[in-house]
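Supplied in structure tokens, the structure appears directly below.
Which chain is which? They are A, B, C, D and E, in the order written, and residues in each are numbered from 1.
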Amino acid sequence: MIVDCAIYRKGKRIADVDDMAAAVERAKQEGEEFVWIGLYEPTEEELAKVATAFHLHPLAVEDALHAHQRAKIEHFEDSIFVVLKTLGYDEAHSTLSVGELMLFIGPDFVVTVRHGEASPLGELRHRLETHDQRILAHGPAAVLYAVADSVVDSYIIIADQLDEDLHELEERVFSPERTNDAETIYKLKREVLEFRRAVVPLVEPLQIAASGLLPGIGADARPFFRDVADHAQRVADQIEQQDKLLTDILHANLAQVGVRQNEDMRRISAWVAIAAVPTMIAGIYGMNFQHMPELTWRYGYPLVLMLMGGVCTWMYRAFKRSGWL
Amino acid sequence: MIVDCAIYRKGKRIADVDDMAAAVERAKQEGEEFVWIGLYEPTEEELAKVATAFHLHPLAVEDALHAHQRAKIEHFEDSIFVVLKTLGYDEAHSTLSVGELMLFIGPDFVVTVRHGEASPLGELRHRLETHDQRILAHGPAAVLYAVADSVVDSYIIIADQLDEDLHELEERVFSPERTNDAETIYKLKREVLEFRRAVVPLVEPLQIAASGLLPGIGADARPFFRDVADHAQRVADQIEQQDKLLTDILHANLAQVGVRQNEDMRRISAWVAIAAVPTMIAGIYGMNFQHMPELTWRYGYPLVLMLMGGVCTWMYRAFKRSGWL
Amino acid sequence: MIVDCAIYRKGKRIADVDDMAAAVERAKQEGEEFVWIGLYEPTEEELAKVATAFHLHPLAVEDALHAHQRAKIEHFEDSIFVVLKTLGYDEAHSTLSVGELMLFIGPDFVVTVRHGEASPLGELRHRLETHDQRILAHGPAAVLYAVADSVVDSYIIIADQLDEDLHELEERVFSPERTNDAETIYKLKREVLEFRRAVVPLVEPLQIAASGLLPGIGADARPFFRDVADHAQRVADQIEQQDKLLTDILHANLAQVGVRQNEDMRRISAWVAIAAVPTMIAGIYGMNFQHMPELTWRYGYPLVLMLMGGVCTWMYRAFKRSGWL
Amino acid sequence: MIVDCAIYRKGKRIADVDDMAAAVERAKQEGEEFVWIGLYEPTEEELAKVATAFHLHPLAVEDALHAHQRAKIEHFEDSIFVVLKTLGYDEAHSTLSVGELMLFIGPDFVVTVRHGEASPLGELRHRLETHDQRILAHGPAAVLYAVADSVVDSYIIIADQLDEDLHELEERVFSPERTNDAETIYKLKREVLEFRRAVVPLVEPLQIAASGLLPGIGADARPFFRDVADHAQRVADQIEQQDKLLTDILHANLAQVGVRQNEDMRRISAWVAIAAVPTMIAGIYGMNFQHMPELTWRYGYPLVLMLMGGVCTWMYRAFKRSGWL
Amino acid sequence: MIVDCAIYRKGKRIADVDDMAAAVERAKQEGEEFVWIGLYEPTEEELAKVATAFHLHPLAVEDALHAHQRAKIEHFEDSIFVVLKTLGYDEAHSTLSVGELMLFIGPDFVVTVRHGEASPLGELRHRLETHDQRILAHGPAAVLYAVADSVVDSYIIIADQLDEDLHELEERVFSPERTNDAETIYKLKREVLEFRRAVVPLVEPLQIAASGLLPGIGADARPFFRDVADHAQRVADQIEQQDKLLTDILHANLAQVGVRQNEDMRRISAWVAIAAVPTMIAGIYGMNFQHMPELTWRYGYPLVLMLMGGVCTWMYRAFKRSGWL
């Protein structure tokens, strides 16, 4: 689906485009104009039409058709092909939804292809058109910067949400309640690793873009890409730490399980011991010896009951004191 | 066994070949032709004949004779020798079968040698001959691309199957049923590591091919090899994640085992406690004191039975409430 | 908030500054002077004013406004932007507080921006002005050195405090007392990883500064930066060791938990066994056989009581000897 | 001990040597000849004599005298010094025996020094003299190749034996028998790490030899060394996988131990429960109430015995069904 | 404290020095002489005096004053500053004591500074003066080599002692005795990591020295430094292996603890079962049914006692056979 298609000149949207081929031709001649086409999960035909108009490399086009690409920045002769992973985080279920954003950046065009629900581009385009015309005036590379910046900013938010989830998890694991946290820990770990797979492959290409080794990214644009690369690196550091902490919390949880089992075992044992004593005393006075003077005592029975009660109370208190109960 | 041997010209199969030496001679003179010989687990003699005809390096020939090579791309003076691991995945038993594909790529010939059951080449050749003559027209390097692409595509499918197996495993481990999953986890880990050994060594040589450092791979072929290298890298990332997750699930499983033991212990203890109370009460009324007024009561016995039943019922409910039963 | 703003000439504070723009102009013309402005959690307006006066890069300014940057050294055309993590360690609770220090270093100015409580700069500036004018005479780069040195020195102190905490933890884990240390270990690990995230990203940029690849750092300043880089590397090594040791202590703690559970189980079992014997004997003499000669003995009852006591004492001693009690 | 010493010319053994100095002189003049001296655990004097004759570097000589060197390839001005670890694997006890092979390779001489039992060289020399004169004709570098190839081939065999041991171990760990496998796993891990220490340091120097950066290894010899380097790399990959699998199996074993403990606990508890029921019933009918109608029934006793038997049988079946017994 | 100070000429000690400044002057003019000053935990004044005489860099001097530096080799304009960690191993308590050795190497002087007890230099100097004048004749670089060689040799000895301790530990962990080894394993791990921190940072600078990138180390000295670098690398490899093995033994110990708990549980349960049977039988014959024919048998009581004894004996044997007792 073609979502939006327009010509920009010095940062201003000057016209909507229907005939892409003509628009490209015009942009090429004018020099200061560029076309920005936004696609959402395009069909093979739609993409083929765009590819023909902008002379996109067939392999990149094939990659753009199917989602499930690796985050990367590739440069062809006169254009760059960028794949970004867009992420949405459903905090209620602690699950990540992964989408993809592909960009074809040429000297006078930008084609953006979006797969999956997360991170709509319309809003970003609108903000650029109304508030950040200064940025847009730098041409296609500026669009790449704006998109990458917005995607990495969403990573920062998700990394912070994962941090919060991790904190909640810590509290649950170390709370005195007997929760079984192994599954929750594992699920969070899975999300963190999924997140990592989206972010880490992006760091190096962004640093390459920042060092000015890509065509179409001028010297004045480099600090901007360095800034994005830097933020991506910070998220990558944060993920690495979360990854390590989750491994540790899995082990700490094991120790917690062991400690709790020990506590339960001691509590159970204490009660067993308390119950064993009256049984033993009763057993003794259930013996059939002819000469057992206590049996003939008038108050033998209540005395024995009191003995049982007394010993049990004393044991209960002793166990309480030593922390077994 | 020589499976198929033909001459190609501008992507078209023009003749079957019997006399290899003559065919090579002709291909050399014509310039636009190349010979493609397909071998399946060749004997030493068959391979020697081919080696003589195409002047293959004796070490590469020795490697091609025996399977169990490392995935690699080696370049000799005027030819490239490639070893690819072909994989088949038997989902029913979660076992990988590993085969090998060797290719000798020269300026005017391709020799493919296949070991093991997985990934037959006949189909691929047929598809190239009928549908992708455009690719075939680029000569021997295009055959290498097509084969590598097809092998890496099979990796992607297997990686996804392993992902599914991992998901099933997660469900089993965290299901309330008492399955002993350590063995299943370990077996899957073993397959993942086997898979890794096939894929990871391939990534770097493919990237070298993509960067144009190998003879016989022209500038226009590089994006194609970069595409394959990229897919291989993506599979390698996926494997790394599976590897990490399997380590974590092994630890999570340990915690599950501990938690279940704790649950069992508490359930058992609850029943022991419930059984201990009537025994204790019975013991008390089994004492032989002369003065135990309850013993002479008409309804002493049914009252005691009711007391026992009542205490047991109360305990059962209390344990139920606290989650021990 | 602008904390302090002054002009320095040959290491001496010569004037307080109100009109920044004029001061900068003067510093530029004089050549041997520089301006040092200290800001504490500045508002957007304050920072904008400073940025205009010193022509700071807008991206660096944006980074300086918000805390939560990665430790880094970036160089723009004619200035360097440095982010340092300042750390404070609350030993009572074993928690790290993280602040940030940003520096803009130009040929004739230094702007320091501080976020968070830790590591005030006023003291350092005072010491430089009164005791280390020799250092200050080297200009802005010397201020960077002095600040970095002071921050890394604080890292060394914290690393040693963490070492002490680790020692205390070791003693607790291996003490015979039954403490549940999993949480403490995990919490310390978390602090160590937080610490690591502040220190490790700093090592490489400091080494780059030491190797003279940054503008404004002369050949005679390099050994000083190498010294700082070296200390940072030493702290990084120490952290890595602490990280490893904490992982190991987590596992050792698991073994401790297991061993203690075993000890408890054996102690409990010993007492159960001691209680089971009199119960069994009492049961035997509670049988209703008509012909049980012991029952008619005059001293049968006391003899059986003595038997019970004797067996129990003997068992108690045997368990004591074998280490079960 | 000097084991063998001979002059070779174009791959043929032409004379045994007694006077080394003269032989070296002759080899130098002839150009096409070289001397090969084989030593076995030489004394300091023997080695000193050889060192003088061939002008070996004193440090290399000192290394060659004592075993316990690291695998390495060092080049001095006009000679190469190579240390290889030879390994023997005693499958019965799963123990590695480590020996060492040192080679001094000069333009017209080879000195081989062997320490330890594993991997005798006499056989290899004999095979080269009788079957592979073609190889030997390439001079000293060919001897280095032949020795390295033979050593790496022995690594491949050992790696496969370790693989087999690992398979056996897997079967034992996951068999239903209650074996204590922690020690066996650890011992195998130790051997794998010992193996790794012999193989891994060798890979890089072999790759350096393959890339033609060592003097005395001509362009035509490089593919041969690349082949050896490749095989060494394959073994290193295999070892890495074994290392990882052994770590995993150690954890899987932990889970097995836990699962088995759980099974035992449940089985024990089931029997305890089965025994507790008759005891409880017997206790009830052992009470001394005056009005217990069952006690006066003629068939009360057999009925109660049948009740006990019935309940126990029912419980036994129920536990059997639920997998506790 | 200045321990020793002398002038050397062609490897011979020619004079003791009191006036350092004059000695340096003389050494500079003579060209073939150098001064070697040995300091032990010098005061600030002593070091300042030496620093002035030899024009040492103030930062290196500050490092040399305080211990707790990282092992490193730094080069200043015309001198090298080296920090080595000296280690002593107290086998009785398995504790490492860490000292430090700093060297300032100039064209005509050596200043050695020693902190801590381990590794005295007097002996080494004496040996060089009496036995190894040949080495000493190479000047200051030779002193550096001799010191580094001696320090690394002490590492080799300690690594072997740690290997022995590890072997003893293995035997303890896998012995049938119930030792609690977690603490011992952890303590040894701590020492290994301490050791690692002393050795690993040294390997790279030694390799740099060996590659001739440091001033003052001539081409003929390189093989000597390569030899030392090689030995340090070997120790680093050994430490890495010990580190890995200790991690594994920690896990193996966990399994041992689990297995032992299981054994104890089964043994305890067996005894409980053996005791439960007579109790149950006694309970049955303690029932008060009027019609229990056994009770009136003359030999009922001894028969029941024999039954009890028989069943217990049979159970004991059965448990013995199945390995529970």
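Keep this in mind: contacts are C-beta pairs under 8 Å (C-beta built on N, C-alpha and C of every residue); 3 or more make two chains touch, one makes a residue touch a chain.
Note that the coordinates shown come from a computational prediction; the quantities given were computed from them, not determined experimentally.
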Query = Out of curiosity, which chains are bumping into both chain A and chain B?
reply = none
Ask   = If you fit chain A onto chain D using the CA atoms, what's the rotation angle, as a multiple of 5 degrees?
value = 145
Message = Looking only at residue numbers at the chain A/chain C interface, is the share used by both copies over half or under half? Answer same or different.
response = different
Note = For the pair chain A and chain E, the C-alpha centroid-to-centroid distance in angstrom is 41
Remark   = Between chain D and chain E, the Cα-mean centres are separated in Å by 26
Key: Touching two or more other chains - residue numbers and ranges from chain E   = 251, 253-254, 258, 261, 265, 272, 279, 283, 286-288, 292
Ask   = What's the ring order, kicking off at chain C and moving to chain E?
value = C, E, D, B, A
Query = Which chain C residues qualify as touching chain A in the complex?
reply = 57, 59, 63, 69-70, 72, 74, 76, 178, 180-183, 185-186, 189-190, 193-194, 196-197, 201, 246-247, 250-251, 253-254, 257-258, 260-261, 264-265, 268, 271-272, 275, 278-279, 282-283, 285-288, 292, 294-301, 304-305, 308
Remark   = Counting only contacts in the complex, chain A reaches chain C at residues 170, 174, 223-224, 226-227, 230, 233-234, 237-238, 241, 244-245, 248-249, 251-256, 258-259, 261-262, 265-266, 269, 272-273, 276-277, 279-280, 283-284, 286-292, 323
